[in-house]
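Paired with subunit B in one complex and with subunit C in the other, subunit A is shared by the two complexes that follow.
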Partner chain A sequence: MSSLERTITPPRRWWKVFGKRGGRSYFVLTALLPLLSYMLLWEVLPIIWTLCLSFFDYSPSRSGGVILGFGGTNPYIGLEHFRRMMGNSLQAQLFRTSLINTLMFAFIAVPLNLLITIPLAVAIESVHERFKGFFRFIYFLPTVTTSVAVAAMWKYLYHPQQGLFNIILKGVGLQPVIWLGDPRATLGGVPVALWAVILASVWHDMGYNLIILIAALQAIPETFKEAARIDGASEWRVFWHITLPLLRPAIVSASTLTMMYFFHAFDIIQIMTDGGPSNQTQVLVLDIYQNAFRSGRMGWAGAEAFILFLIVLLVTLLQLRLARKEWHYDT
Partner chain B sequence: MKPNSIKVLFYLLLLTVIGGLLISCGNQAPSVEEQSPQTTEATDEVVELRLWTHSNSSFVAANEELIQRFEAEHPNVKIKLETFDYDIFIQTLQTSMPAGTEADIIEMFGSWVCTYADGGRLAPMPEQVATLAEAQNAFFAAPLEGYHCGDQLYGLPHEFNIEYGGVLVNPALFEAAGVAYPPTWGEDKDQFVADAAKLSQFESDTMTATGFHFINGDGLPFLLLAGILQEGGEYWKPDGSGLQLNTPEAQKTLTWMKSLVSEHKVIDPFLFNQENNSVVEAFFSNRAAVALVGPWAAATGKTDFPEIEFDYVAMPHMGSTPAFVADSGWGKVVSVNSKHQELAWEFVKFVTMNQEHARTWNIKTATVPALQSIAEDPTLPEELPWIQAVLPILPHGRYVGPLPDRNLFWGEIAYPHILAVLQDQETVEDALIAMEEEVNETFEAR
Partner chain C sequence: MIPSRYGASSTLSSIRRRKQRSSKQSTFYRPARWLLYLCLILGSAVTLLPFVWMLLASLKSASEILRIPPTLWPENPTLASYRTIFSDSGLGLWRFYFNSIFVAGCSTILVLFSSSLGGYLFAKHHFPGKDLLYGTFLISIMLPFQIIMIPRYLLLVNFQLVDSLWGLILPAAVSAVGIVLMRQYVDVIPNEILDAARIDGATEWTIYWRIVLPQLRSELATIGILFFMLGWNNYLWPLIVITTPERRTLPVLFTWYSNGHSNRLDLTMAVGVLVIIPMLLVYMVGQRWIIRGIAWTGSR
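Up next, the complex of A and B:
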């Protein structure tokens, strides 16, 4: 290189710091930055904040210390909230009840959701092309309806005197059921009120899974099914041995997303039962909300939220681990 | 991009976001010592005060009118009214106070006040507004005591919140059941129960209408506490360190409440409770002949259910005296973060202590006055006819007291246990022991 060339070398573009493929990296960074900022601000930071809260006896009604209200009248108590969760206080009992109800809710609602949506997706996929859109629209409609409206509608359906379900029961000569208000009523060991809110939640949410499963069904090569049929397999065996195994990745995705959604169940339950009767539908997010915003126990609510975060994380990792596939097909 | 570069950028971004938030949050809530309420009255500069209230339309209308009157008398002051749905209002208070973004003046419920005052969120009321003795002379004790924390007042009430003493009655259901109307029970408790029993309707074994609906989140605890006082008992421990609920008076009251269900069959506690067929819902759909609820429900009913004919009448007391417990009431407080506290307090005094303005607020919101002089005004029932039923008992009302967590006691302790007794899920004694233990835990936690 001559001395002249050395002196007039153009300045390096700043994104060249990213290396030889700087332009591409710059693009990737620019594209990711808004999303990354959003996630940091609204997801990572609240998680850190919640964890911090759980180590303090923090209430927003107290001014506390100078740094974000921590300390002073909102004292640091270490792991005391987590220790108290094992105790016999009313709060601890409510937490444990909520945790059990949340697990029951999620582990009943997710299989129920899939039991409804898988056959439904297959059924919709099998109808004439002209009607598919119509059925997809009909079944997706509840999902785009606000949860408040869904809860109000289902609450009315369950009304002990005027509700549709009891009108039908009375019409066929059976005793009406107090769906949402009788703590004695159980079905299969699960409170009837919990079944009632599960049914409403599944109805509201099933549209998402339906779309995921229909998309997955459309991606399965028809040649596999045709080969099985040529070999004499019945439609049931085609579904059981071809369709269902190939749907597995979609089912795993759907069940993971649904599980996460149901672990956070709140709005429908709050409107339909507000946790009653006798705390039989009190789920963790409702308990967190009541502690944080009705009683001002933000520290305790933070500890509960952190436990919920760990459970959701654990269950999701477990689901993903169990569902790991070591094959793929080419169309 | 090299993985290391991404990592470095990620951590830098994380630090920037966290740092920025910490700084901004830290700066938003200046400590009490940093602030000096400014006196701007002497200048011509227009001062803007913010007032927060929940978005009940009658409350909003009342505040708007009083703001107009205040602004007319104070041309240098603009008051901006900001309203929130009830649930959102509580959440907003909880989140705005740590950030120091709350309004100068807040319409707060009396039983919340000491929690916020003890936490250093509210400004103490200066004696220039009213001394404690002046306030005690002017207001009923039950609503005022909610604003009295330690030796200091932190605001003034508009309303005497009362959920006991009056009942909604449905003349059509009385007529259908052949029960005399207007009710003839007067102070005769047994007659009241007998009428309620006759008013219950059944279809085979299923209750279709309740003769007396008293099972709701507010009603049950108020009924129990009133019963204890009326039987000559006391629910506070003598040293004020907690509650004593497993007492003969409490047992007698709860046993009587249970007899209404099991013996007199005035209500089915599974079909009619807070979750199903709540008091207001059941009454205004003709499924409750008599309903225990505060007079506010009568005002709501006149607006929302004009087609239903009803009255609001006094209910006989359970024991030898008409003593009862009240939960303070809505009133106004000033934020410790307000830069114009002097003006804010002037507004509070203007709307709560001035008889004309306070009366306007009560009439527009259809609430029982906290100011004694308004309640004693014989012309008041002309504008608020349903208040007539509870006016005679107001002097017998007592503030519930400084519970560490009022909502927890009402919603998670008293209501569920009393309901469990009525539903035969728990015995009277077990329920009272459990309630006492659970509520006293909240005192220990404090």
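Up next, the complex of A and C:
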């Protein structure tokens, strides 16, 4: 197996790089070319480009310099954008609001998501084999639904007059709530509108975590639980002392993935509230989008995107640290 | 991101193992089991509620939907809203179905090609800088799209691809997740088979086409259906790129419709139902593959 592989050495002369037609280096070159150029053009270049944008006062409406439109009428301003983020301008205030909202959104939505999906995954896995498929089908349904449709149907549920939630509230004799349009309405210090988009997002997103958790549950050897049961442990204690600890790696990765997703969740918020009321649901990606494509402040948006990049990097490093612990078990 | 994917995929073989085991009764006590089923059914009802509410609204008449107090159940179920939509000449819904299918279909085909090719390349070939390139792919998986969307848009402007369907397809032609996955599956193809073909005089491209691709059939189906779904549901990128009304994909059309064109809730909900239905059909047919694809990739 390895003898053939060992004969392939990197070519020494650049013109021999294409090798014989049909040879292995010929294939490597022809296959690599599209992949490499895609990677450089659509992934690597944009990341560097975003970083550069954050150092320039860039607007697409100005023609600017020769290289990618930098320089000239799009002047270099160094760290001015980042300095301005601390300042008192409306833009900076909106940026800080959206940063706080993004963090609030993620740190409420992720625990909420796990509080729903962990018990749900365990419940689905412990019903009779015959019904598992049925329940899985139902609970994954929101996840495969187009996000714009999810946003529209939830917007309708929250509708002040025709929405189901207010019909129910009126039905039990409570005051109807203006879910998406009342900046003074709060619940536990968090705006009601933010709760509303969190609920819709969690409903839309829970299928992903269910899948990850169910796969992890199925990987837990039945023998462990069996042994505990023979020792007289109740189902509750089996769950608490065996299932849950063994699920930990899956929970860590599921929560990181979910958090990453909620950091850049866009569709549902944009359609349901578009940042309102009074910027209470303005999140970072929405601010980036509006600055870049509605106001033409791409330099500023690039600086914001760079902050988002730092946040994502931080979460990834945290997860790598958490995941480094040993979780092996032998069957 | 990566550990979860490996974790999830390695557990999938155990799903099959569990399936073979006879459908063992849960050891829950009877009342507890009934309670469990009750909770799950209630939960299902809550999960389905927004769908039902949308469907009911689309069946109400234009006057009924505005009535105060609102009705829960449509008094005279009517398909009038659907008829209005399909007869709206300013809308031409089929056009947008075509756009969506075209974009999702083309990008899926390109992703399948590039992923399997990249998988074969990374799994069975060596070249300088391979690990570096692979590392770049891995890093690009975790980057949110919003970080690179502005330069990507500017690139499209430079290529004069703004406001064209190819501007939606080309940036989505290669998927790092797809390549990483396919590499794992090509890795397990025995080298002996490939060497045998080489001795028989097959070129590497023939090997890719005749030996590697057929081996990857079920994996390709899995990520294919998943990427079709992701392409179909994509909203932000078409929202940025497309400006001509006729070139909109369904999600963008839908938001435009519900925000500007029509303030009528019954019509909005009816369009919503029409947008959901194709994905629902795909999900019904390919539920197993979609779920497996999500478990493998963790893509959202």
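Rule of thumb we're sticking to: the second predicted complex is superposed on the first by the 285 of 331 C-alpha atoms of A that agree within 3 Å, B and C clash if a C-alpha of one lies under 4 Å from a C-alpha of the other, contacts with A are read in each partner's own complex, and residues count from 1 in each chain.
Criterion: contacts are C-beta pairs under 8 Å (C-beta built on N, C-alpha and C of every residue); 3 or more make two chains touch, one makes a residue touch a chain.
Computed from a prediction, not measured in an experiment: that's the story for all the values here.
Judged by the touch definition given at the top, the superposed model places A:Ala292 against both subunit B and subunit C. When the shared chain is aligned, no partner comes close enough to touch A:Pro245: not subunit B, not subunit C. In the overlay built on the shared chain, the residue A:Leu308 is in contact with subunit C alone; subunit B does not reach it.
By the touch criterion defined above, A:Thr73 reaches subunit B but does not reach subunit C.
In the superposed model, A:Asp182 makes contact with subunit B only, not with subunit C.
Touch criterion met: A:Leu36 reaches subunit B and subunit C at once. Of the two partners, subunit B and subunit C, it is C that touches more residues of subunit A. Using the contact criterion defined above for the overlaid structures, shared-chain residue A:Phe266 touches subunit C, although it does not reach subunit B. With both structures placed on the common chain, the touch criterion links A:Ile47 to subunit C but leaves subunit B unconnected.
Across the two superposed structures, the residue set of subunit A contacted by subunit B and also by subunit C is 21, 24-25, 28, 36, 41, 44-45, 60, 68-69, 159, 161, 292-293, 298.
For subunit C in complex with subunit A, the residues that touch the partner chain are 1, 3-4, 7-8, 10-12, 14-15, 18-19, 23, 25-28, 32, 36-37, 39-40, 43-44, 47-51, 53-54, 57, 65-66, 68-70, 72, 114, 117-118, 120-121, 125-128, 133, 136-137, 140, 142-155, 157, 171, 173-174, 176, 179, 191-192, 195, 198, 203-205, 208, 229, 232-233, 235-236, 240, 250-251, 254-255, 258, 265, 268-269, 272, 275-276, 279-280, 282-283, 287, 290-291, 294-295, 298, 300. Across the interface of their complex, subunit B is touched by residues 17-19, 21, 24-25, 28-29, 33, 36-37, 40-41, 44-45, 48, 59-64, 66-69, 73, 89-90, 94, 159-161, 175-176, 178, 180-184, 273-274, 276-279, 292-296, 298 of subunit A.
Within the complex formed with subunit C, the residues of subunit A that make contact are 1, 4-5, 8, 10, 21-28, 30-32, 34-36, 38-39, 41-47, 49-50, 53, 60, 68-69, 120, 123-124, 126-131, 135-150, 152-154, 156-157, 159, 161-162, 164, 167, 170, 203, 205, 207-208, 211-212, 215-216, 218-219, 229, 235, 249-250, 253-254, 256-257, 260-261, 263-264, 266-267, 271, 285, 288-289, 292-293, 298, 301-302, 305-306, 308-309, 312, 316, 323.
Taken in their complex, subunit B has these residues touching subunit A: 1-2, 5, 9-10, 13-14, 17-18, 21-22, 25-26, 29, 31-32, 87, 90-91, 93-95, 97-98, 115-116, 118-121, 206, 208, 270-271, 273-277, 287, 336, 405, 407-408, 411-413, 416, 419-420, 423, 425, 438, 441, 445.
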